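Got a structure here, written out as structure tokens. Questions coming.
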Amino acid sequence: MDFSNFNAAEQAHMTKIIEKRQMQDFLKMYSNLVEKCFNACCNDFTSKALSSKEETCIMNCAEKFIKHSERVGARFAESNAEAMAAAQNPT
Amino acid sequence: MSFLGRGSGASPGGVNMERIEMAVTELDTVTDFFNRMVSSCHNKCISSRYAEPDLNKGESVCIDRCVAKFNEVQKKVGEKLQSRGAANAGGAAGSFGSL
Amino acid sequence: MDFSNFNAAEQAHMTKIIEKRQMQDFLKMYSNLVEKCFNACCNDFTSKALSSKEETCIMNCAEKFIKHSERVGARFAESNAEAMAAAQNPT
Amino acid sequence: MSFLGRGSGASPGGVNMERIEMAVTELDTVTDFFNRMVSSCHNKCISSRYAEPDLNKGESVCIDRCVAKFNEVQKKVGEKLQSRGAANAGGAAGSFGSL
Amino acid sequence: MDFSNFNAAEQAHMTKIIEKRQMQDFLKMYSNLVEKCFNACCNDFTSKALSSKEETCIMNCAEKFIKHSERVGARFAESNAEAMAAAQNPT
Amino acid sequence: MSFLGRGSGASPGGVNMERIEMAVTELDTVTDFFNRMVSSCHNKCISSRYAEPDLNKGESVCIDRCVAKFNEVQKKVGEKLQSRGAANAGGAAGSFGSL
């Protein structure tokens, strides 16, 4: 997004809002990750402790989800950059 | 946001609230779109066995294609909504009598 | 909903809020539609381009979802109108 | 919304913020209810093959009945919540120690 | 959560916000319950009226979900209390 | 919330808005976490036949263990995020070109 036409006060305002959103997005990603990995990995409720198999699954799930998000983010950024370039230099 | 009761125009400090609101709506829309892309491509590409922490080759290639397809679908659906006239697509407008 | 007991300033305020909500609802419906039709129609990731079969599925999915929403909206409005009439003219 | 720090009573311009807030809560509640109805009836009535763009006869009839049933369920669940005393139904109140 | 370091004006402010959130949470729980029990119990659309079997299922579903939420809430409160006690009296 | 345009410091009436905002974010986070726990444990422990209105013995025991496990998972995932450096985990930051 392009805030270059915003004045200094508006840019400062947006920066604060974006920082707040980033914190909220991070917290939401955190609980989403807990829910997703719990649902995928925990299916045995004969004990209240995590088994070592469940724990490995949880750690792999979290790690893999983060790498997945990063890869999607990278591809998404590339396609947005291409779309912007195409919009500025129409053939 | 319009709660603030300062519609358009510059408010004290030279901040145009309407402009800020629009930028925030755009930010939230892109974030929502991105999150749905992450979730959909996770469902399509990532095995739920979680035997290892890294993306394997097949998963990585799948993610790249999934992002491209998701973007294509977004364009196609956008064209459809535009051709139909975006405004009356919801079906909900005016249907709020009482709960 | 009934805003007839709102004064002019309050009605103007509500109108602005409703307009904002309608735009937000439309944007949410849009991304919801993308997600739903992608999930239903795209299952082949051996290529990054949409196949013609996938494309037809996407267009039908979007069109059908809109018609579905419109029909649900019409029935919902009718049942609300009946409920209001019943509330005003109890037998 | 109460963020605005102007509780009840009329604020400058004669706008009673409390009244506005309640109307917005009602609007959001009806919208949420409607969206869940659309989604649930879509799951129950619409085939996910998407072979054609129009609702067929069976789907149309299913939608009409689905909306009626969804409304009935809303009434039944509302009665249940009222009979139980709405306030203590959440289970979450007061359970927030620290995360 | 601990608001003991809030001044009186801030505590009053938080109380209002919490009350608003509780109402919103209740309304969200209500529509969530309608959706969940409808999805679990209604599978026959040859009639627009609820069958007695469906109605029983709905009432059991709602009652059970509430009891479930209460039990989860009780356990969650206990574990939070333990976590706070442990934080204040480290061994 | 920062919409209010009164950043830090006390505003009229002695209310520090920044402090209020942080408390509200915490409240919303705990509520979201609790709701996901309720939903996940419902999926894991409660039979969807709904033959009776009460939790049976097996369901009750399952709920207790489910809450304990869900809390454990929260801790494990939290540790993982911390070890990775929380900030760069989203993948979305800076990826917003244009929609």
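Quick notes on this one:
In order of appearance the chains are A, B, C, D, E and F, and numbering begins at 1 in each one.
Operating definition for what follows: a residue touches a chain if its C-beta (ideal position, glycine included) is under 8 Å from a C-beta of that chain, and two chains touch if they have at least 3 such contacts.
These figures come from a predicted structure and were not determined experimentally.
Distances between chain centres, each the mean of the C-alpha atoms, put C farthest from subunit F. Between D-E and the choices A-B, E-F or B-C, the pair with more than half the same contact pairs by residue number is B-C. In this assembly, A is the chain whose CA centroid lies farthest from the centroid of subunit D. Inter-chain centre distance (subunit B to subunit F, centres taken as mean C-alpha positions): 21 Å. Here the spacing of subunit A and subunit F, counted between their Cα centres, is 15 Å. For the pair subunit A and subunit D, the distance between mean C-alpha positions equals 28 Å. The set of subunit A residues that touch two or more partner chains comprises 1, 13, 17, 25, 37, 41, 59, 63, 69, 71-73, 76. Within subunit B, the positions touching two or more other chains are listed as 1, 3-5, 13, 15, 20, 26-27, 29-31, 33-34, 38, 45, 64, 66, 68, 91-92, 95-96, 99. On subunit A, the positions that touch subunit F within their shared complex are 1-2, 13, 16-17, 20, 22-35, 37-39, 41-43, 45-50, 54-55, 58-59, 62-63, 66, 69-74, 76-77, 80-81, 83-84, 87. By the touch criterion stated above, subunit F contacts subunit E in their complex at residues 13-16, 19-20, 23-24, 26-28, 30-31, 34, 37-38, 41-42, 45-46, 48, 50-55, 59-60, 63-64, 66-68, 71. Residues 1-3, 5, 7, 21, 25, 29, 32-33, 36, 39-40, 43-45, 61-62, 64-66, 68-70, 72-74, 76-78, 80-81, 84, 86-87, 89-99 of subunit D are the ones that touch subunit E when the two sit in their complex. Listed in rising order, the residues of subunit C touching subunit D in the complex are 1, 3, 6-7, 9-10, 13-14, 17-18, 21, 25, 37, 40-41, 56-57, 59-61, 63-65, 67-69, 71-73, 75-76, 79.
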